[in-house]
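In what comes next, subunit A is part of two complexes: it sits with subunit B in the first one and with subunit C in the second one.
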Partner chain A sequence: MEILQWIIDNILTQASVIIGLVALLGLALQKKPINEIISGTLKTMLGFLVLSAGSSVMQTSLTYFGDMFNQAFGFNGMSAVVASIEGINGQAMTDLGLGSEIAICLAGIFIVNIILARFTPFKYVFLTGQALLWESTLCVVFAWFCGLRGIPLILIASIVGGAFATLMPAFAQPVVRKITESDDIALGHFCTFGYMFTALIATITKKLAGGHESQSTEELELPQSLSFMQDSYLAVMVVMIPFYLIIAGFAGPEAAADYAGDVNYMVYAFLQAMQFVVGLYVLLAGVRLLLAELVPAFQGISMKLVPNARPALDCPVLFTYAPNAVIIGFICTTIGSLIGMAITGFMGTLVIPGVMSNFFAGGTAGIFGNAIDGRRGAIIGGIFHGIFIMILPALLSPMLAQIGFVNMTCTDVDTVVTGFFFMAIHSILGLFGIA
Partner chain B sequence: MGLFGFGKKKDKAPAAEAAAPAMNREEVLAKIEEAKAKVASLEGVARANALIELGKLHADIDQVDEAIAAYEESLELNHVMGKASSSLVKLYNKKRAQAAEAKDDEKIKYYLDKVNEMLALSKDSLRGRA
Partner chain C sequence: MGKLRILTVCGNGLGSSFACQMAVEGVLKGLGVDCKLDHDSVSSVASAARNFDMIIAAENFKTQIESANTGLPCVFLHRLVDKKEIEEKVTPVLKDMGLL
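Moving on, here comes the complex of A and B:
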């Protein structure tokens, strides 16, 4: 009995162990040979520990950034947050101590998704691992924030996440059908509200133009020189370095003295901006390791249990249909997110754009805009998309700060909507005195 | 109403389906032979493009394996995303669904991996790395 209690207290409380056990279960269910089960389990655990290391590097840089911002502009109570769903996941899994819950909920979301796809008319199986990890994070964080713990937390978070995984591809499918000219595949990327918002704007621009669709983006010749921005890490650096430098400049050398020591305060700011990217890089390497064994296991199982389901795939599946729209959507979303940032400044929390997701989310938004109203839809829709994906996370950030996230907010908007969904249910139940 | 709707459907659908594809299939098969000859006479990117046409013809008459072979060869010759890769995603998914019906785990995994390869190709070619 004592040994069992010791195991529960000392081993099963470790998130890396729980995550390893989830992977072990997935691999065992696939009847993999024992050596593959062992190596897969160990790699998954390693992934989690790499993720934690990346998260802590990122957070050190962000703590410095937040402090400088407060010293420079904090006099009127304004704060700054960086939009990064990767960072949110890292902090939730490590500092908030929700790693085990998030890993179990990830498996729970798969199960609920399979059940819904099998027994309801929504035949969509969500196959994008990273996106599911982000969704699982937000479901667990907000269920936890609403006061749920233990098994009820896992159950509710899995049901809500599973419903999102099934319904979001269905929500986007009318436009996806138009893009792919078939009903075979679906889109599995939790930025759907942003994409459909882009499609809505494009519908409006088309109406305003008297119902005439503008020419497709694919008839344009685009310069090749834009391609350097398509490297996500480079794009993050290009954005973070100026922000860090400007804020350090305003805060002055005294503010940074405690951090920088003998190093010049501007040089220190530059190095801290690079540290942010280092953290992001390591964190995502961890996420890839963590998911490398889990996702194929679940993909195989779900496609077997629901043979007639449409696979909801990651957004590059649409890139082939309109590569120019991807570039235009990315540029316009970036412009829009800078406008959006300026707007968030007046909302009390300045949101620094998380350009990491701009390429994929912005590019896909461009395809949606183009599908409805050609290049006009891609450009105007893309700019509005950029604003939209900044305002929504800004609205959520006070709650995230209250939960304990340090200078950080979400990017992928469906996860933001998940947060709002939990808060709405919580307040409705509160009205009746239930929660 | 019901009877009317039913009768109407029966009148139209089978007649159209039975007659048209039978005619078409012959035509398409003839076109396939033409396309094969064209593929044999070409090289490089031109051959890759001819293979895409051949793949489409095979896909039109549901010769999925032949269509996949043509598109795959086209991709080998010209490794960029485009008609070949987007068609392959759909065809691989079709094969995956058949494998799932047959409960063939190996094949399910094989075709899911193939779909993932196409996604990676999309990412890489937009970033100029293909």
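Moving on, here comes the complex of A and C:
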């Protein structure tokens, strides 16, 4: 008995072990040979630990950034948060100690998704592992914030996450069908509300123009020099470096003295901006390892259990259908997010745009805008999309701060909607005195 | 020659390259080619390439991957998970390599 208690206290509370066990289960269910089960389990655990390491590098950089911001502009109680779903996941899994719950909930979302796809008309199987990990994070964090613990937490978080994983691809499918001119793949990326908002704006611009669609973005000749924007880490650097330099410039050399030591404060700011990207790079390398065994297991099992399932895949599978729209969408979303940032300044918490999200969600929003109303839809829709994906996370950030997240907010808007959904249910139940 | 090693590539090396990898795996199994696959980001191609025999990516990454000068045969896809397109484009490369 004592041994069992010792195992529970010391081993089963370790998130890396729980994640390893989830992978072990997935591999065993596929009847893999024993050597593959062992190596897959170990690699999954390694992935979690790499993710944690990346998260702490990112956080060190963000702590510096937040401190500089406060010293420069903090006099009227304003604070700054950086929008990064990767960082939110990292902090939740490590600092908030919810890693085990998030890992089990990830498996729970797989199961709920398979059940819903099997028994409802929504035949969508969500295969974008990292997006599911982000969704699992927000479901667990908000279920936990609403006071749930243990098995009820896992159950509720899995059901909500599984419902989102099944319904969001269905929500986007009418436009995806138009983009791919087929019905065999779906979009599995939790920025769907943003994409459909873009499509709505493009529908309006088309109406205002008397129902005539403008020319497609794909008939444009874009300069070759823009192609560096295809490299997402480079794009993050190009945007983060000026933010860090500007804030450090305003904060001045004294503010940074404790951090920088003998290094010049502007050089230090530059290096810290790079550190942010280092953290992101390592974190995502960890995610890649973490998911390498889980996603094929899920695909294999779900495709067997759900006949004629439609795979919901990550947004770049759409990029080849309108590569110009991707670049235009990224640029316009970035412009919109800067406008959005100015607006969030008036809301009390300045949100620094999430470049990763601008890049992927922005690119996809460009494709959606283009599909409805050509280049006009991609440009105007893209700008509104940028504003939209800043305002929503800004509204959520006070709650995230209350939960214990430091200098951070979400990016992918469906995860933000998940947070609101939990809070809404919680307050409705509260009205009846249940919660 | 051991297993054919193939790297699939996308922007982040997370989602779509992974989906592509699983589709390629299915195709090669069908062709009876023994292979080992992995996926990575376009930023890492230049350094990762030396552990692989072939690169597969979406056609929008063509310029960047070619500028990395990996010296490996590259296949660029319009539809990343379309098994028919994968088979059509990969088969001639495999024949060149003497694997079919």
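Going forward, the second predicted complex is superposed on the first by the 435 of 435 C-alpha atoms of A that agree within 3 Å, B and C clash if a C-alpha of one lies under 4 Å from a C-alpha of the other, contacts with A are read in each partner's own complex, and residues count from 1 in each chain.
In this section, a contact is a pair of C-beta atoms (placed from the backbone, for glycine too) under 8 Å apart; a residue touches a chain by one contact, two chains touch by 3 or more.
Just so we're clear, the structure is a prediction, and the values are computed from it rather than from any experiment.
Aligning the two structures on subunit A places subunit B and subunit C in a clash. Once chain A of one complex is fitted onto chain A of the other, the partner contacts of A:V287 are limited to subunit C, with no touch recorded for subunit B. Of the two partner chains, subunit C is the only one that A:L234 touches; subunit B does not reach it.
In the superposition on chain A, contact is made by A:M303 with subunit B only, not with subunit C. Contacts of A:E218 after superposition: neither subunit B nor subunit C is touched. Of the two partner chains placed by the overlay, only subunit C lies in contact with A:G129; subunit B stays clear of it. After overlaying the two complexes on the shared chain, residue contacts for A:E36 are found with neither subunit B nor subunit C. In the superposed pair of complexes, A:D183 makes contact with neither subunit B nor subunit C.
Looking at subunit A, you'll find residues 127, 180, 185, 224, 227, 230-231, 296, 299, 311, 313-314, 316-317, 319-320, 323, 326 touch subunit B in one structure and subunit C in the other. Across the complex, subunit A is touched by residues 10-16, 18-19, 22, 39-43, 58-61, 63-64, 77-81 of subunit C.
Remark: subunit B residues 81-83, 85-86, 89-90, 93-94, 96-97, 100-101, 103, 105, 108-109, 112-113, 115, 118-120, 122-123, 125-128 touch subunit A in the complex. Subunit A meets subunit C in the complex at residues 127-131, 180, 185, 189, 224, 227, 230-234, 284, 287-288, 291-292, 295-296, 299, 311, 313-317, 319-320, 323, 326, 356, 359-360. Residues of subunit A touching subunit B in their complex: 30, 127, 180, 182, 184-185, 224, 227, 230-231, 296, 299-300, 303-304, 306-308, 311, 313-314, 316-317, 319-321, 323, 326-327, 363.
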